[in-house]
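A, B, C and D label the chains in the order they appear, each numbered from 1.
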Amino acid sequence: MATLSSERVPVPRDRDNDYTREAARARQEFLRERTGADLEHVSSYSFDPSSLTGNIEQFVGVAQVPIGLAGPLLVNGEHAQGEFYVPLATAEGTLVASYNRGMRLLHEAGGVTTTIMADHMQRAPAFLFASAREAREFGDWLGQHFDEIKAAAESTTRSGRLQEIERYSAGRILFTRFNYTTGDAAGQNLTGKATQAACRWIKDHHGDIEHYFLESNFATDKKSSQVNMLRTRGKRVIAEATIPNELFHRIMRSDSGLMYRARQVSNLGGFMSGVNNNGAHSANGITAMFIATGQDAANVAESSAAFVYAELRPNGDYYYSVTIPSLIVATYGGGTGLATQRECLEMLDCYGKDKVRKFTEIVAATVLCGELSLGSAIVAEEWVEAHDLYGRNRP
Amino acid sequence: MATLSSERVPVPRDRDNDYTREAARARQEFLRERTGADLEHVSSYSFDPSSLTGNIEQFVGVAQVPIGLAGPLLVNGEHAQGEFYVPLATAEGTLVASYNRGMRLLHEAGGVTTTIMADHMQRAPAFLFASAREAREFGDWLGQHFDEIKAAAESTTRSGRLQEIERYSAGRILFTRFNYTTGDAAGQNLTGKATQAACRWIKDHHGDIEHYFLESNFATDKKSSQVNMLRTRGKRVIAEATIPNELFHRIMRSDSGLMYRARQVSNLGGFMSGVNNNGAHSANGITAMFIATGQDAANVAESSAAFVYAELRPNGDYYYSVTIPSLIVATYGGGTGLATQRECLEMLDCYGKDKVRKFTEIVAATVLCGELSLGSAIVAEEWVEAHDLYGRNRP
Amino acid sequence: MATLSSERVPVPRDRDNDYTREAARARQEFLRERTGADLEHVSSYSFDPSSLTGNIEQFVGVAQVPIGLAGPLLVNGEHAQGEFYVPLATAEGTLVASYNRGMRLLHEAGGVTTTIMADHMQRAPAFLFASAREAREFGDWLGQHFDEIKAAAESTTRSGRLQEIERYSAGRILFTRFNYTTGDAAGQNLTGKATQAACRWIKDHHGDIEHYFLESNFATDKKSSQVNMLRTRGKRVIAEATIPNELFHRIMRSDSGLMYRARQVSNLGGFMSGVNNNGAHSANGITAMFIATGQDAANVAESSAAFVYAELRPNGDYYYSVTIPSLIVATYGGGTGLATQRECLEMLDCYGKDKVRKFTEIVAATVLCGELSLGSAIVAEEWVEAHDLYGRNRP
Amino acid sequence: MATLSSERVPVPRDRDNDYTREAARARQEFLRERTGADLEHVSSYSFDPSSLTGNIEQFVGVAQVPIGLAGPLLVNGEHAQGEFYVPLATAEGTLVASYNRGMRLLHEAGGVTTTIMADHMQRAPAFLFASAREAREFGDWLGQHFDEIKAAAESTTRSGRLQEIERYSAGRILFTRFNYTTGDAAGQNLTGKATQAACRWIKDHHGDIEHYFLESNFATDKKSSQVNMLRTRGKRVIAEATIPNELFHRIMRSDSGLMYRARQVSNLGGFMSGVNNNGAHSANGITAMFIATGQDAANVAESSAAFVYAELRPNGDYYYSVTIPSLIVATYGGGTGLATQRECLEMLDCYGKDKVRKFTEIVAATVLCGELSLGSAIVAEEWVEAHDLYGRNRP
């Protein structure tokens, strides 16, 4: 309930240690008094709040998001190999069932092949000069001093490695993209620190910079952009499979020919609507996995972009691929170490070091299953009707 | 851990009643055996699983996502008026603190003005004809039979109302957008059913339709698109404020002039990068509120689009607005009635009927606070340096 | 040659009558003296410069752009029916031959079916208010006062008719699109005048407008935009045909199956590259017709957008359609009345009143021929190789 | 006039030599008989048709496009330095006058600074593999064999140099961009031939390629795309200037403050409309120069993209820049050697070898003048009114 008061009353905090059950309870009480809201469930959490340091401020309790289990998902990856049971945190009815059904289809089809094509996180500082000419010269200078800049950036991080500095000019500004590998972390923070250090070194060693901005909508953190769809932010990962039409008939009561026709229309619709994903609904599976496993779900903005490419083979087989150009995931840092989140990563054997590529592949494979499941459902009614019409369903 | 087996073992289900603690426990046990994962925390939930019917399948436990409390947020809306304490479910350190700081700034500036400009949810069936000419005639026919189509659509729903059918042609296909008001529900399901009914009526009454597709990437559910940024899916809501520079100095240790200069470069960067949001990070606040209050977080894909427009006034005041063209929210249905989710809506007095516009305004106001907080942080270092240089910070 | 002088010497003009051979000659002489350039050919023009009033300033001569003749083009339009010989002004070798070849293919296939789906030219004034709330109220007010606004707009024009005022909000600004039919003129000028008059009436009758801008990048004159691709600026016209594979084999030494496969990859490439046209090269034919017939070739920026949708039929027939969403053409006004330009329109029986829809259809049909011609060429080598391989080409 | 006949009558050609006045006359006669069109002016051309070999087929005469002269344009480029009189071929009244006025403004402001930031033309073959994994390996292989591929490509051309092969993956396809420098030619043809040769070499030496396509909408020839706006096709050139407000007042009867406010709204409008150019009308000047100087005007589709970035300085000075990311120009080859076209290049001392960068800078500088001229006109009425109001215009 809204309260109208002349005096602004901030949320209570314990200045000594705010990460305790008591501090949380004080805030629950504060809310109860001010809004009348009962927090019976929000206040039911099973972990010690001290584990939240660095993850949240003014902790008051938890959202309990139900997790459904889908699987087994069969993955033929380079890092993920074999069967997985996938935790999906969602409140959207049928979502888990739909992905589960797609996993069955792909399991019978021999599994999902996954390939990571690129992997880099970036910060994108913009540098301002007297004119474009100095900006261009600075661009060359960046190339000449790459090693020193790399050393400055990497002095701040153990796992981040500067790979490349891309350059895009406009007016008297040079926009750059500092591309890093970031180990098992998503890397937004470490690349931020590293790039800040790099920029300070640059500013100290190049006399012509009028000003620089650490970010200027060219890495587009938490936003979807064509530059990231082209050049990748996070992982660029592809999931593919070729599915015999017999499986569509038997498992999905669908048909590859009908699905392919629908795909053509979806490609056109997507092109005309200016969408960032010509597929069906990859955000559903990605978001549900992100919430379950402690990924930053705000990255769904970026990670929901996708390119679908499909082929109907002469024998009715359906080749289907989904390319996720900017999947931002971690198996270390961020929310991955929280109580339930870590358990969900552990069910996939994906918690901690050297696991992020495995996790990436599992996410991509899950997405593919969801695409084919929804794609099947869309044409199922028609297929059943056609089937009945031609009598093939008769006993 | 991946298991390699020749036989596909599906997730166990209780065919009589799968929404029980026992059924969940059976799945926990199944996972423990197969993957070795301990689900101590995932299995700690405070509600009766029977409440999850219609929200999830193969329930195994919960993700406990920590909630931080930000506020008070002062809103001068048409539906939300006064102060609110806002629950943000996230694991990204500093997010709550940053929004909280922005809320303080805007509180001292007199609050955030919010305005809902448009409100409609859509399904976008595509109709296929022999040629474009029949498609055009069908477009006219849709206009002539709007009342009957509306009746067919609305026969399936109590709260959905068909407002308009937009038409976009390409080749022998007419893409349409069926725009509905949907009461307090987000409305994807009800518009799906209503449009399915409408399409059946249409197919029965128009002889030339070769085929129709209920969706073809023209409503772009769970995806970001220019058509939705232009025409709105969900709510189009604007949050605005004018902030005296003195408040930036005092509260944020920042400066409106520096922020405005950074904004210009961000506008250019965003235009060149092809981003769907020229602002800073609206997805952060939106996602955290979505998870806390039982919204479908996959809609962050769409809801993360935004248009920022700012003005530096001659006296240093900073006018700042953020327009969210496709904010998809509900206060009824979906995950809003789940245990913790409902409590979080209740803290805002936003649970249930006739509350969705109020909730919409609170989300938009929260977003504005986050934009100004991050926008301030980006230039704070520079401002402090400039300040020190000119001696104004000296005691 | 560049001349370096301290004094700025403007181009000479005859203040009494600048549209004479003498005035042109004075400028030729001026150029010859200053740059050494010989203008033998530029100064060879066959018309009286007095005919150029209103079309150009500081006339010095002409560009002679060679015209090639392609055809016969067979059109099954609603306005264009029968065969046409199409003038293409270009210096790109093979362009005319390629379109000519496509015209032969489509002629044998029974011609090109053309359909105009929409027709409106717009100006897009933006109105600024104290806040979004007044902007929203103004939007409603526009609807209530449409008839008066229409009267004010149409008082300035004989052929322009205001159809609709679209509204798009952001911050405290309401962007509008004033959509007009404009008879046989392209209509940029008349809609400019009409909308200026409408805006003045609006400003006089609505007290809350802080300011208005006659244009603000929302009609995107001379630029390509998603809003125009969706909502149409100029004509939205579709050209379609279904071509038997036998014709591809015989005339183009190509194959529908190979072309369709290439189309799939082009669709994906176009989606990923963020292109405004998933087809091949419609700008080539459009530009060549525009220059020949006195259209404003700068409109190629907008008119080059296109949506291609194709289907491979089970029998190998190839359905192919191209949708031009913003084709800006005229048969009256602008450059259409100039000496050679009028002759070129007359060859198509498209000069003057009530001809613009006919001309629109001819342009669209020409574009389709060019798409199929280039699409064939791209796979021809492969087809020939495959053909040779399998011995079918042997005598 | 359309002719309806059962027999298709092709355009007459002289098989021995079709590039003669006689052959052209035969086609004129053919047209006259079939359409009744009189070609008095079209048939008035001043050059020998034999000069058209390689530029056009089925030549029938010329479009005489009037050229207006604007200038002097003062350029402070690296290749273009000093004053230029610019030929603009157009039939749009006021266009020449408007550019001329802008040139006067910029001349008094000290000229336009121009900088070429990047220069490459590309072909973009797509390679198809069994799966994404082979596509990725092929990408690495391309890097390892760059020197050999470069040699194969360059064996076909004297002036083209392969700089880089960019890679973008989706599904089982690797899209590439072969970037070349192309001397004074625009280079579409030479890069086509070179890339064809490179692809053949690649196909011969890499066993896994299932198929390749020489083009797949990833170089987007004759179309506007985000990838070209980011990565450049042709020249990336920037024109800049800083103009004292006194000059806006005196010459343009305009004001930098008003222009800057309008720019902000245009930036927002352009972002929301999804335009490829947030400026005013660069296509106007570019098209008029392209037609005059024998450039391929169909490239206006690509060359019309632009990024405008402006700053209002505290003293009222207006910094304004326009970045053209994909300006496709030549001073050699294509239509540049035709009779009038060559003369127009010669007026700028830009015909032939080693002139293309000079010409590029002149085009960019011209564009800037047009931007400021139209930008001034848009606010001029308001400025005059404000001026009158406050009495400053009184004698």
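In this text, a residue touches a chain if its C-beta (ideal position, glycine included) is under 8 Å from a C-beta of that chain, and two chains touch if they have at least 3 such contacts.
Just so it is clear, the model here is predicted, and its values are computed rather than measured.
Listed here as common contacts of chain C and chain D: A, B.
The chain pair with more C-beta contacts between its two chains, of B-C and A-B, is A-B.
Chain B and chain C have Cα centroids separated by 39 Å. Rounded to a whole number, the gap between the C-alpha centres of chain A and chain B is 16 angstrom. In chain A, 168, 170-171, 173, 226-227, 230, 267-268, 270, 272-274, 278, 307, 309 are the positions where the chain touches two or more neighbouring chains simultaneously. Considering their complex, residues 78, 113, 115, 117-118, 131-133, 135-136, 139, 168-173, 226-227, 230, 236, 238, 240, 274, 307-309, 319, 321-323 of chain D touch chain A. Contacts from chain D toward chain B in the complex involve residues 226, 229-230, 264, 267-268, 270-274, 278, 307, 309, 311.
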